[in-house]
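Next, two complexes with chain A in common: one pairs it with chain B, the other with chain C.
Let's look at the complex of A and B:
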């Protein structure tokens, strides 16, 4: 559902029939192996020295400086111009949210209920679904809205819709102009691009700390966090849309003497419209997926009941609102997609006869207006009756999940130990017990060997930053976990992705599960993970996998599918076995997709580092959590967040430069798929 | 086709008119309730001691929720206050005192750093006021699951811990025994205690309350070895009476230097903190109620159990306890 778009874009890459082998960069495994062997040799003699371990609650002067900065800002709440401006903005946002809440979600005192009740809201939403898309979408909207009420989360669902709505409107206001700027002006693009990279590599938990400082707690901060998370895909995709307008069209516009503004408004924007709507779709889903994180700062929405479930250790309680978030994502995704395709369908003469369509539109509008009137008058239409479905499902699901974890837990323990002792502990020992100068030099050398000077420079900058923030050792521990998780992620992605690509039935069965896996808040599956594996680094890895694997699986599946049918026909007729087909042809030819899947998987795993810190994985994730919990550790939490960002940018840069010679798709959309909260 | 469209339009129009007329004359029960509420508000404000708004911070653990919702629901139903519950971590809650976003923190486990910043006599900006004890007592210890205490009773003395250290080893503890540290919100000296008592253990942080609770539940169910930091009041004790391990007793000043701690945790008197500005409305009945509120660990555990075990909503759990304990409630409302 939600990630339908990035693969779509990828399919626009070079024709799948082109022999990709020719475009491959020359293998650089030999120098990489040399560097690693050298590293290992020096490690052997120096391990355990200069590891820059920061014990327990110790802090560096840099962290204390950061905390002091925070204190100064708080003290200057009334006088500091930045604080005054953000304070005023926050008031405006809070006012807007609270106004809309009183319209559809919370009682508008002295009214016992909101201005418009569930019947009215549902009817209007259904009508809008029909108006912007078609009757199928209208039915989907109707069903989704009724399920919000039937499962007992009407008010929370409306809150979430309000938050998503405001964030999307603001994203459009900010994102489209910036997208146009980035698409038409090279210099602007060179400034905007790195900022977007930065925003998209940064785990959202990390921005909560500073944003709460400036915008206060509650809905204002929640809107700002959501905006920062949701706007980058829109900017990137709008810019891409403008850039890919055929140059001949632009030339024609110039030759008939249009001014630049006219060219933009009459030619470039209309031609880029479809791509921009894809961006809108991505932005909407990204905004939605911030739901649970925003609840950490008292942002209203379905994230709150999810966190309630976590608090009483009950998966069932968290699952129902979690699934409603998934339902809302499906609804918004299908509706925006259908809306974007509507123009084409109409142009081809599809859809209902215009007169009938108009009749339904008017009739439906009248009905919706009546429903609004009724829901303003009668309690039954204003307050959703308590059906108790939510509680029943929560209880049933909770029991089933407990039964499953009880059955599995005898085998999960040994599995965890096997991976930890065989893979994680040795790698962690190698990385974190290396003297910092050794690890840093080796990583920089690897970056140079793999990606040349253009990879070396950002790598050195990031490494220096990591040393500066004083959490080097924890960064290495987190890096080890991230690498192990990425390896596991790719194993899963290749196995499942190839199965999906080769068998259509497998694809149909697995894809919805992947969609749900990407959209459901991680907090829903933390408790079962804990029940299976206990608090440990491996639990953190499993939680990260649940979030990262779906994207990688989809990318691998799409890549393998892209191998042309004629090629496969030829291979089959040569009598190759299934394993030979996969190993010798399909995987090598999908190499670009595999690399992209690895890079994305790695960044997704890293983005989950903070969540891992909540289930016993320690290291940088724990440092962020502690900074969020204890005032005196604010500086440390901020430093840990910054270090995660630096790690992410470094890895991404090395991977991208290393693949520069590879097909286009790498460079074109270095974007994080939009779903999932972190 | 033409005919059917016209017909469907007509049907729609008829339905619309019918529905409109129904809603116009019948129904209307919302309006009735609205005017009822409005007059209640008016009479409420006419009285001498009226209640304004209470912005109640709700910190993320169930015991806290129990206290916050009992006070909040009482203020709503008996005093007609507007109560806003705000789900927040501690640090963020305290920042809210100065901006007017938070009026009350109802259960504070001791944050000297925050007090220094926001409480006047501690050198802060004066936006927060110490509201004194809320009646609850925070008890922190090292705990083991009940089955372990029953089968190896001598484990309840720290002197014997090293004997069993290898049993506590996990994939995380690097060959030593694993000690499970807690949610970072809590004050913890476990690394120092382990070091200074020469225990062959390594502190591994669970990172969150959910993780700690699940670990203890799993350990009891599967008879696994586990020792860790835990605390009361906590709803888990209703389900799983964890057993405390005896450490050298707490004496005044034994926690003065965090690096040298080698003693047990003291019991913490849990306190209320208010926004100074809010608490200065001495005539506000909501302020009076919050100031008068005090209850015991047992009281809180009951409400926490309603929420966590019986899966009642926080509001319903609070209302049930209020209905069951009229005497205690009356004392706060005097």
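Let's look at the complex of A and C:
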């Protein structure tokens, strides 16, 4: 295959002073088009045969074997050493969660209320907000906590905070030492890095099923999932922070005669502190996102009422807890950000005079303590009075949503139909009605054409795995949806991204929205999507888009912005029109960013596949969801989860190798953002 | 030389996978480019030997890539030498264990860095006292010492500022104070002023000269700026491709460049500012020549001698350090140097 070879020649490179080899590489789209045309031709004659459809309730022997394996593991709870250890861990986690719940969230028998009531908790939280950040954050915390109670979700909110809190504390305990290790030791990093890659490429839901097996349904599994999801960004960013301490600083430290340990404590850590706190911020938000989703495994928290609402397709009910999750996300985001900036401001003599600050701290502390005392003794301060706001809003929102949906349906309906009939249905028909051997062969061939042998091998392994798990047809349906969502995602990303890069005002307007979009836990996206489009495959696609687009848009915008001002000046002075500037200069020069944006978009979309399964996207996502709810379907759910992982790895590998095999300038760009999706 | 403050013998640094095995093989005779093409090794420093006398300002000069920054790092083993020895007084730094080496870095050698290397999260005073803190001195003593150093470099009043609130020149004064605070035997400067603008650079050079007069430390000074080298150095060592081209006093380097490379380097130097009478005088025809005329030592710089010579009708006698009559100069000898610059 000539297409894979020419770039290799360039990569190995001749000796530096010899003239470069001027082999004109064959354009890669040609063989790709040939493969696609061949596929289409064979499909025409064979469509509908050998598609490996597995009817609704059917299970393959592999799935039954998986279920039997699970049953054996559960039966061996007392004897199997792994299960004994995880069981003990699970007990400890459950105990901690339930202890904290009895302190602030649920009645601590024989008391009719928790140990500390809402007044005490709110007062302490507000005080903490002031202590770690400033009075504005304190007000934000106060408002957020009051809204938890006022809308009738006090207990769920506290549960969610407990879950996030435990996960973040554990993340810090595990993540910072590992981050330091990865940042200072090359060998350790070469072990840690691939593990993180793996964790971050894996869609959320895939953790859930095996973890439930080892830790049981409930809060313990929820904490473990949340931890696994939240800790990678902290490790990555801490390591990055340590690694990017300027080499001069390390040299200074050595030249003054610091020991390794002194160097870490007095130079590297202080200099990396800001970055590490950014990592803490990311970890907190990730934990919140995952702790919400963990309601699938019966983890306590605000995710539960959202899930209940979604299950019965009642967006009004899901809306209030959904908004409270958003409020909590904003509160945690702002508080951690402000806390990271505070240290500097204080050290430079900003903020209040130290004595006044101390007086407020002490006074506030006393007030908070009094509030705690009161909330232990008076019922009004212990149990949030039922204001009925939440119910009123849920009902009102239900009506409003119906009204909006009705008004917008002339727009949303045709839009949905257009995408469904013009893009989704044909692609799905093409992929899922191809005989499995045809689709597999064609995908493998494409992988080889695009990325050479190094893409072919993982692709073949993944394809074989998909056939093995027996959900081939569903995998193709999910792949079709993923591709459609990714295409739409990239269209949006290019249009919006270029606009942002070219117009400062557009950037100023859009960037905060994107930031907000990235702060909101994935789960919450489903609510408006479901309201607007009803349960369908398209709704799943829109939810995935809402989740994936912000990342891709930012990457494209930053890439286009990265084209140097001098180049643009030269282009403008040569009289290029706006479209010419974009098409001939900005987009080609931002190719690396476009590649990265596509890869990230794909992974984010795929990560949403399961969550989209909730709202009628069907296929693999639905199989996983069912796996949670029905014991006898566990095997099928696990198989579906594994198939999603295989799909993800396959796409990721093809994209990476394709980028590596591509002409020089693409390769320099890392094919992974500092924090990937799930 | 046993009484040298610092003595470097046959120091090599070869970068690459099998650097140690290469030492002593004929491959090292190859040029940099040839060696790199042949085995992927790059020579950083090539067989460098020199001594620095106590109290001397020893300048290492070269263009970028000449190995000067590597050399200064080899001395305290911030980069491990491939072979050779470095003696600090009586102690061999190259064979020292980690622990003792750290002790040397803490107490006997300090370094000033090109980009200052100040810790951004510490105030000026805490940056200056950092080394003392590492040494484990108690807080009051190190504060007092640091305050002295801050005063010495003229930064009084800025103790509580953070480095990024200071200008580049002031930041480097902090770097200087930090290096001095340890009261080291030797100060090493790694292109300390090349990040500063020309006026500030001149101030800082004068500052170094002043400090050298006041504290009298031995200094090893790295620079790529010939004017700076000539201004500060008691002796100058010129490096190229990691090897020594010439070691000499400023006037030796200017008057007797070792090769075309150095000659090219010094061609723009205002010679009357550097050359001494030793280089322009001619031997006396006989011991009686110009008797009764004014006498100048042969270390007088041409520019300084010009007035006396031009004011005198005829010759001026030149004597060496032992007060022996070694030569004569007249108007023409002086004008040749001065006019050559104009052209």
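Simple rule for what comes next: the second predicted complex is superposed on the first by the 431 of 678 C-alpha atoms of A that agree within 3 Å, B and C clash if a C-alpha of one lies under 4 Å from a C-alpha of the other, contacts with A are read in each partner's own complex, and residues count from 1 in each chain.
Keep this in mind: a contact is a pair of C-beta atoms (placed from the backbone, for glycine too) under 8 Å apart; a residue touches a chain by one contact, two chains touch by 3 or more.
On a predicted model such as this, the values are computed, not experimentally measured, just so you know.
Student: Classify the contacts of A:407 with the two partner chains as first (chain B alone), second (chain C alone), both, or neither.
Tutor: neither
Student: Using the superposition described at the top, determine whether chain B or chain C touches more residues of chain A.
Tutor: Of the two chains, more chain A residues are contacted by B.
Student: Counting only touches as set out at the top, which of chain B and chain C does A:359 meet: first, second, both, neither?
Tutor: In the superposition, A:359 touches chain B alone.
Student: After lining up the shared chain so the two structures overlap, which partner does A:573 touch, if you call chain B first and chain C second: first, second, both or neither?
Tutor: neither
Student: Look at A:505 in the shared chain and tell me whether it touches chain B only, chain C only, both, or neither; answer first, second, both or neither.
Tutor: So A:505 meets neither chain B nor chain C here.
Student: Please work out whether A:77 is in contact with chain B alone, chain C alone, both, or neither, and reply first, second, both or neither.
Tutor: first
Student: Over in the complex, which chain B residues touch chain A? Could you list them?
Tutor: 1-2, 5, 8-9, 12-13, 15-16, 19-20, 22-24, 26-31, 33-35, 37-38, 40-41, 60-62, 65, 82, 86-96, 98-99, 101-102, 111, 113-114, 117, 125, 170-172, 180, 183-185, 191-192, 204-215, 217-218, 221-222, 224, 235, 258, 307-308, 311
Student: Would you tell me which residues of chain A are touching chain C in their complex?
Tutor: Those residues of chain A that touch chain C are 15, 246, 248-249, 251-252, 254-259, 262, 266-267, 270-271, 273, 347-348.
Student: Going by the contact rule at the top, pick out the chain A residues touching chain B in the complex.
Tutor: 55-57, 71, 74-75, 77, 109-113, 212-213, 216-218, 295-298, 304, 307, 310-314, 317, 353, 355-356, 359, 362-363, 366-367, 369-371, 373-374, 376-379, 381-382, 391, 394-395, 406, 409-410, 416-417, 420-421, 425, 526-527, 530-531, 534-538, 613-618, 621-622, 625-626, 628-634
Student: Could you pull out which chain C residues touch chain A in their complex?
Tutor: Per the stated touch rule, the residues are 37, 73, 76, 78, 101-107, 109-111, 113-115, 117, 119-121, 130-131, 134-135, 162, 182.
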